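Chain nomenclature is as follows: A, B, C, D, E and F, assigned in order of appearance, with residue numbering initiated at 1 for each chain independently.
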Amino acid sequence: MSSYIFIVIGAVLVNNVVLVRMLGLCPFMGVSKKLETAIGMGAATTFVLTLGAGTSYLIDRYLLQPNDLAYLRTLSFIVVIAAIVQLTELVIHKTSPLLHRVLGIYLPLITTNCAVLGVPLLNVGLNHNLFESLLFGFGSSLGFTLVLVLFAGIRERLDGADVPAPFKGTAIAMITAGFMSLAFMGFAGLDRFH
Amino acid sequence: MKDRYTATRTSLRTAGIMLLFTLVFTALMAGTYRITAPAIEASELAERMRLINDVLPPENYDNVLLEDFVEVGPVAELGLDQGGRIYRARRNGEPAALILEAVAPDGYAGRIRLAVGVDTGGRLTGIRVTAHRETPGLGDYIDPKKDRERAKPWIGQFANISFAEVAPERWAVRRDGGAFAYRIGATISARAVTDAAGRALAWANERRDALFAAETGSRI
Amino acid sequence: MTLQGFRDSAFNGLWKQNPGLVQLLGLCPILAVSSTMVNAVSLGLATILVMAVANLAVSVLRNFIPYEIRIPVFILIIAALVTMVDLSFNAYFHELYLVLGIFIPLIVTNCIVLARIEAFAAKNDPLSSTLDGILMGLGLVWVLAVLGGARELIGSGTLFAGIDMIFPNLAPIEVFGHDYPGFLIAILPPGAFFALGCLIALFNWLNTRATVRAHVRPKPVAEPAVVGETSAAS
Amino acid sequence: MTKRLHRFKGGVDLDYHKAESAGVPIRSAPLPPRLIVPLRQNARSVAHGIVTAGEHVLKGQRIGEAEGVLGTAVHAPTSGTVIEVTEHPMAHPSGLDTHCVVIEPDGDERWVALEPLDHRSIDRQSALNRLREAGVVGLGGAAFPSHVKLGSGTGVDTVVINGAECEPWITCDDRLMRERADQILAGAAILSDLIGAKRVLVGIEDNKPEAIAAMRAAAAAQAAPIEIVAIPTVYPAGGEKQLIRVLTGIEIPHGRLGTDFGVQCFNVGTAAAVHRAFALGEPLVSRIVTLAGNVERPGNYEVLIGTPVASLLELAEPRADTDRYILGGPMMGFALPDLSVPVIKGTNCVLSASPTLFPRSKPPLPCIRCGECARACPAELQPFELYWFAHSRNFGKAQEYHLFDCIECGCCSYVCPSHIPLVDYYRYAKSEIWARERETRAADGARERFEFRNFRQEREKAEKAAKLAAKAAETKAKLAQTETAPAPAPTEAAPQSEDDAKRALIAAALERAKQQKAAAKPKNTEDLSAATLAEIAEIEARRKALGLSEGDAGDVRPALPTLPGPTTAATPPAPPGGDPEPLAREDRP
Amino acid sequence: MLTALLIMAAIALVLGAALGFASIRFKVVGDPLVEKIDAILPQTQCGQCGYPGCKPYAQAIANGEADINQCPPGGEEGIRKLADLLGREFKPLSEEFGVEKPKAVARIDEQTCIGCTLCIQACPVDAIVGAAKQMHTVVEPLCTGCELCVAPCPVDCITMEPVAETVETWKWKYPVIEIRKRA
Amino acid sequence: MIQSPYIRKPASVQRVMFTVLLALTPGIAAYVWQVGAGILVNLAIASATAVAAEALVRRLRGRPIAPAIGDLSALVTAWLVVLCFPPIVPWWVTVVAVTLAIAAVKHLYGGLGQNPFNPAMVAYCAMIVAFPSLMSQWPPAGGLDFATQLDLILGGARNLDAITGATALDALRTGLRGAESVDAILRQPPFGTLGGRGWEWIAAGYLAGGLLLLALRVITWHMPVAFLATLAATAGAFWLANPAQFASPLFHLASGGAMLAAFFIVTDPVSGATTPLGKIIFAAGIGLIAYLIRAFGAFPEGIAFAVLLMNLCVPLIDMKTQPRVFGHRRGKSP
């Protein structure tokens, strides 16, 4: 049980996908200008990432590993993820127009979020089982959402700051992300017993 | 526009094209795999051998080391709670040395994984850290690649040491009244490695014969 | 491609539309593997290779790819190429392969690859597409090289650490001598962000200066007045 | 009195400086040589002038007719001659001009016939009308029409009379309460009747013991349920919402009226004016103004509306180092851009300011988010957040953080250690937001009309095409009947394309025009007189002289210098490139 | 090799079919973005952006054909809002399309007006009233200041006059002036 | 046109910051008394660096320099940096840290009042990550003589095992790693009655200064109380559960930077939450995270990281805890 908790804590805080593992940075920088969009992106990513982690695990465990086809991982994972994204869009479009309005514009962007491919690959590397893979996927996307939302909050506040001209815009955002990453180093060791 | 694209028709068409592309590119990939596979295998082997050579110089044995091993279950003394593999080096068919996996559970930032070589004389042939999370710039000197003293890495002090040179009661870092050097400000890492090495050595000395006697690939 | 076209492409890829500094695409590899120059450049070169070949492939095949499934097909092509590169690294630069780790497969999701295919290769002839891929990739590589160099230098006082992974007979340079204490934060994740932030700022500053120079008399920019630098109007 | 008082959060303690002017009885200000009576009484309503230059008016004679819901009548403050009806700067921070009636007093102070009226003898609506006709507006500062505040006459059980006078230096209400307590209470009783209230609460800050005593004495003599309550002295206890909160515990949110919560608040001066409007039939032509600050002879004066501030100031003898004059108190007033502006109904104080008395604020530093302002804000806002958003022009966020709940009391600016002119930012943001709302409304209207026009044009086009087609068919039929040569192209083509339809239309019009035997028509115009034609010719010549090509009438030429009309037709043409006149006018400071 | 091909083929078939099916079944219709963009544009309908009115320009922006900095009447403020809406970077108004000017309204010199109705036809928002051969006037509150009526007038009797500030439209100024010294 | 109000309370940023500096003096005095005068050298170095960095950046940006230095906020930052650092840290570490705090953390965001992160804490975190060994060498219990301190500060031999020691917190976690019990560890030399030896007095000095700030209404009670209470409560819970593994709440309050943080660091108005409820959440969050890092994390003292982590949350905290506006019902937007 506690090892499951440590998987989540590890993925959310200690080895945060964005700030420590450095995955999913493009959406992290790109859709963090407004709080609302950050929340939408976070929700969409959480859904796809968790699902993708599970499916990828199944494919790897039951299709690729038995046939010794490890080299097909990248290809099959990304193709499956793309499919999940498309089908998710399809399903929520049909079933919940409201949700579609909230998540719709983010879904297509997710395919090129490397966390979505990175997390399943990490799962393979970490020898996670199905449940752990799901948990790790969920934890990672939670970590992604958390930092995205916090970052958006800060960026909104920075809107009016008198930042030196060359640093205006992405430069200061990048530096802020650096401070965030520094702050998250404080969590180092909290998953020590894992 | 001759005929209207119905959903089924389009699906079939796209599926077909998709299939074509997939086949072509998968074939390409598979081809690459075929070509590179031997090289990859060789590199992986070389990688593993490099580590083993660090722990046990190659002149000490003449068997195919990677094919001569036993599996062990969880061993508290080695810090292994999942079990591990022990390689057996032989020279002219005679037991020469063991290469153990060990884990120091009490590193500064978590576990430190080690590879430990012990020869039949109860002597450490070498130790290497295979995985650790000690603080960069502080505790990471236990890994010779990160050690600033490139010429004389800290971990080198364990080579050719047995309980004859350092009695078990003095098997500790100097700060704890022992015989081994450590680096100021990062005693914990040194202490963890030293203690783990000592435990591994004692364990190996005790079980040596049983380990060498077992069938290769068997489980103890 | 005309000379002018080539020049435009080059300027775009290397400077004006630089993927790392302007488009902010492909950030993960830029930040993650730039802790040493050798790692950074190696991954950059791998990316160039993928981009060039992928662009070439797509522009050759562009007329056979139905619109609806273009993205999956693009991804397929990229993934196949990346896997090939991955396998080759594994086979021939095994140590480097271990260091770059997960980031070689992740070239697949490196947004810049797909973005260039979509924006350029799918619409242009093979030659210019390949060139575009190479130039965009070069834009990425120089950013990677600068970042990697700066972080490595500040962080550990060396340059070309790990060069022996590629050329076993070369050795890294210890720029600040053996006693340099190492400003470790530069090679840790926060350092990556700081370094890229500063590089972007420098880039902005150079651009502004160039515009100002070009326009001799700078256009007054309406900038918000700021308390502290201001006094109440009277 | 053992009334349980409530508290409002925030507020500040100030140096009140009341003694200087409170000791002297109210005096009448002498008649100035000219009275400038603005027809606009506040930013929202303006009266419609009904006198012309040269006309003689009597004191209290109506010179401006109430207009609109928020309008009230304007009266001549004295008898005399209307010299002109003109534009004159008004007592408003903008210093912009407004319509004013300038009266030269004849010195007789002859009243029009006054008709006292008992409000109980008439119905409510007529009584409200009387107030509107008497020009009674709030004298507490906002000059909001009192009859509007009296509302529907139901649902209100408490009238609050505001005698707090919380701003430093100002003592006009204090003096009024000391000297005319019975008038105030009588007025309060009328207000209470008109609004249907059951009780009247008069709130007076406890730093005015004399006023409290006077009011209590007067109240004791009254039968009506009037309660005089001493409230703690905290700026801005006189703010309507704050006073209501203190006296009744009710909090009125922004955008809601006191009447929704069963209370309504009037200034003491307003109450007195209401009393006079009924008991004496007097319209509101004067008010009490405090002259204080850096002056030799501070005091309170009964001042006719329209008296220029400059002539009023002479009475108080400002000292030599006075550098600014502030209309209103130091917390909420504004510095006068021009001393010729007249006193209006909302003017309660003219404060002479010197650098020693009111030191110039130090240059602002950045906000350190210390929260002092939030602790001082009586509206319980987060002023620094509002400031941050207003400063970065993020008006949406500013509104989200309740910018419009800010009563501009100035407490936040007062306490800010960084000396940030916070209220200025709020004023700026509010007026920007209003401007934007106006623009959005205008844009919505424009979009609607544009869409309607497009729709109409489409329809007309369609109709015309249909008509033309019908006609063409007819012609064709006719032609076929007469069996002449093949049908002419235009008619044949007409129904096929819009372009042709148009051409046909023009052709038809030309035909008609010819039939009407119209004169030569430059650019599709008909029936021009010879004079006009000549004019056109001349203009045409000038256009040529300016090098403007013809025939590009359809183009957008925003920078085209427009030429003066016939009034200047005789003057030589403007030199090429000369500034078009309208543009020059716009950079008026 | 064969297994690889088979597995990928299976995945591809499923995926290709699903996507093709989806692309037909769930075509996106309607574009609410255009409405949102149009709501930001000032509705001056002046055509300075190069499109025959604000809506067409909005459509063009939504289609990615036009840049966001082509509307002079909307000014910097408008561009900022568009940039916000579309998640793009702000860029200054393109001089190609004109400059931001203070708002003005058309005024017809009633002495000169010959009643030709050409301006009525030109006005996109029906802000001019009058009938043929009668004097025309501009209904000031309705005029958007687009200047489209100025050019067609045969006798040049239409001038653009800046809107004067009144107490109602007067705005408090931004509270500070810069005294920043240039290094 | 200058607008109303025309009168202002005689308050200024300078006065606020001066009060903070003044309030720090009892703590510094205790520091000098207990640990030695080396800290004064560091304070001087840091102050000079802060002023120089502030002036340099303002100069680069073409902004007037005098008001920015006159507001004394840079000195507050500099002093707090020094008070968090080991007193024998080499001079160049202080210089790098203060420059980082002022030039990067403060001025890259536009200067005073606009930085979302606490400059002093960023400096601390950056330095402990960059130079962990220098940053964890403290003078041994009982102090060092001034000459040795000065030598160390000016870059003297550092690898003198004998003269450096660990802080109480560091010794505690080192001991615990060695599987000793808390009781046994607390009998070792670095420990005094409550926290580290001598540190009780320094903490008391900070407490006194903090009370002064409270009395002068420079800070409100919310943050110190919430922070100390949460730290104590969390420590108490673990202590009650297993007194052999976890130190007592009193130990946690008296050791490390707890008191300094409670009154001077957590309370930084610029980078902290501003609403009353927000302040409580903010400070409580710091208390909780700081304890978790102390007890389970990789760093002996977790307050700095906890402050940064909560700085990250400030915009959201502020947004979600906006107080009720006069006349409005709670939580209802117009």
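As a convention for this text, a residue touches a chain if its C-beta (ideal position, glycine included) is under 8 Å from a C-beta of that chain, and two chains touch if they have at least 3 such contacts.
Owing to the predicted nature of the structure, the values given are computational and were not obtained by experimental measurement.
Undergrad: Let me spell it out: compute each chain's centre from its C-alpha atoms, then which one is farthest from chain D's centre?
TA: Computed centres place B farthest from chain D.
Undergrad: Counting C-beta pairs in contact, which comes out ahead: A-F or D-F?
TA: More contacting C-beta pairs are found at D-F.
Undergrad: If you average the CA atoms of chain E and of chain F, how many Å lie between those two points?
TA: 53
Undergrad: Report the inter-chain centroid distance for chain B and chain D in whole angstrom, where each centroid is the mean of the CA atoms.
TA: Taking the average C-alpha coordinate of chain B and of chain D, the gap between them is 83 Å.
Undergrad: Which whole number of Å gives the spacing of the CA centres of chain C and chain E?
TA: Going by mean C-alpha positions, chain C sits 37 Å from chain E.
Undergrad: Based only on mean CA positions, could you tell me how far chain C sits from chain F in angstrom?
TA: About 39 Å separates the centre of chain C from that of chain F.
Undergrad: Listing for chain E: what residues touch at least two other chains?
TA: Correct list: 4, 8, 11-12, 15-16, 18-20, 23-25, 172-176, 180.
Undergrad: Which residues of chain D are in contact with two or more other chains?
TA: Expected reply: 93, 361, 363-367, 391-392, 418, 421, 424, 427.
Undergrad: Give me the residue numbers in chain C that touch at least two other chains, ranges are fine.
TA: In chain C, the residues touching two or more other chains are 66, 68-69, 72, 76, 79-80, 83, 87, 182, 184-185, 188, 190, 224, 226-233.
Undergrad: Give every residue of chain A touching chain E within the complex, in rising order.
TA: Contacts found on chain A: 31, 33, 37, 63-64, 67, 69, 72, 75-76, 79-80, 82-83, 86-87, 89-90, 93-94, 169.
Undergrad: What residues on chain A touch chain F, complex-wise?
TA: 149-150, 153-154, 156-158, 161-164, 167, 172, 175-176, 179-180, 182-190, 192
Undergrad: Where on chain F is chain A touching in the complex?
TA: Touch list, chain F to chain A: 61, 104-105, 107-111, 114, 116-117, 122, 125-126, 129, 289, 292-293, 296-299, 302, 304-306, 308-309, 311-316, 319.
Undergrad: In their shared complex, at which residues does chain F touch chain C?
TA: Listed in rising order, the residues are 1-2, 63-64, 67-68, 110-113, 126, 129-132, 134.
Undergrad: Show which residues of chain D lie in contact with chain E when the two form their complex.
TA: 40, 43-44, 90, 92-94, 96, 98, 364, 421, 424-425, 427-428, 430-432, 434-435, 438-439, 442-447, 449-450, 452-453, 522-528, 532, 535-536, 539, 543, 552-558, 560, 562-563, 565-567, 580-583, 585-586
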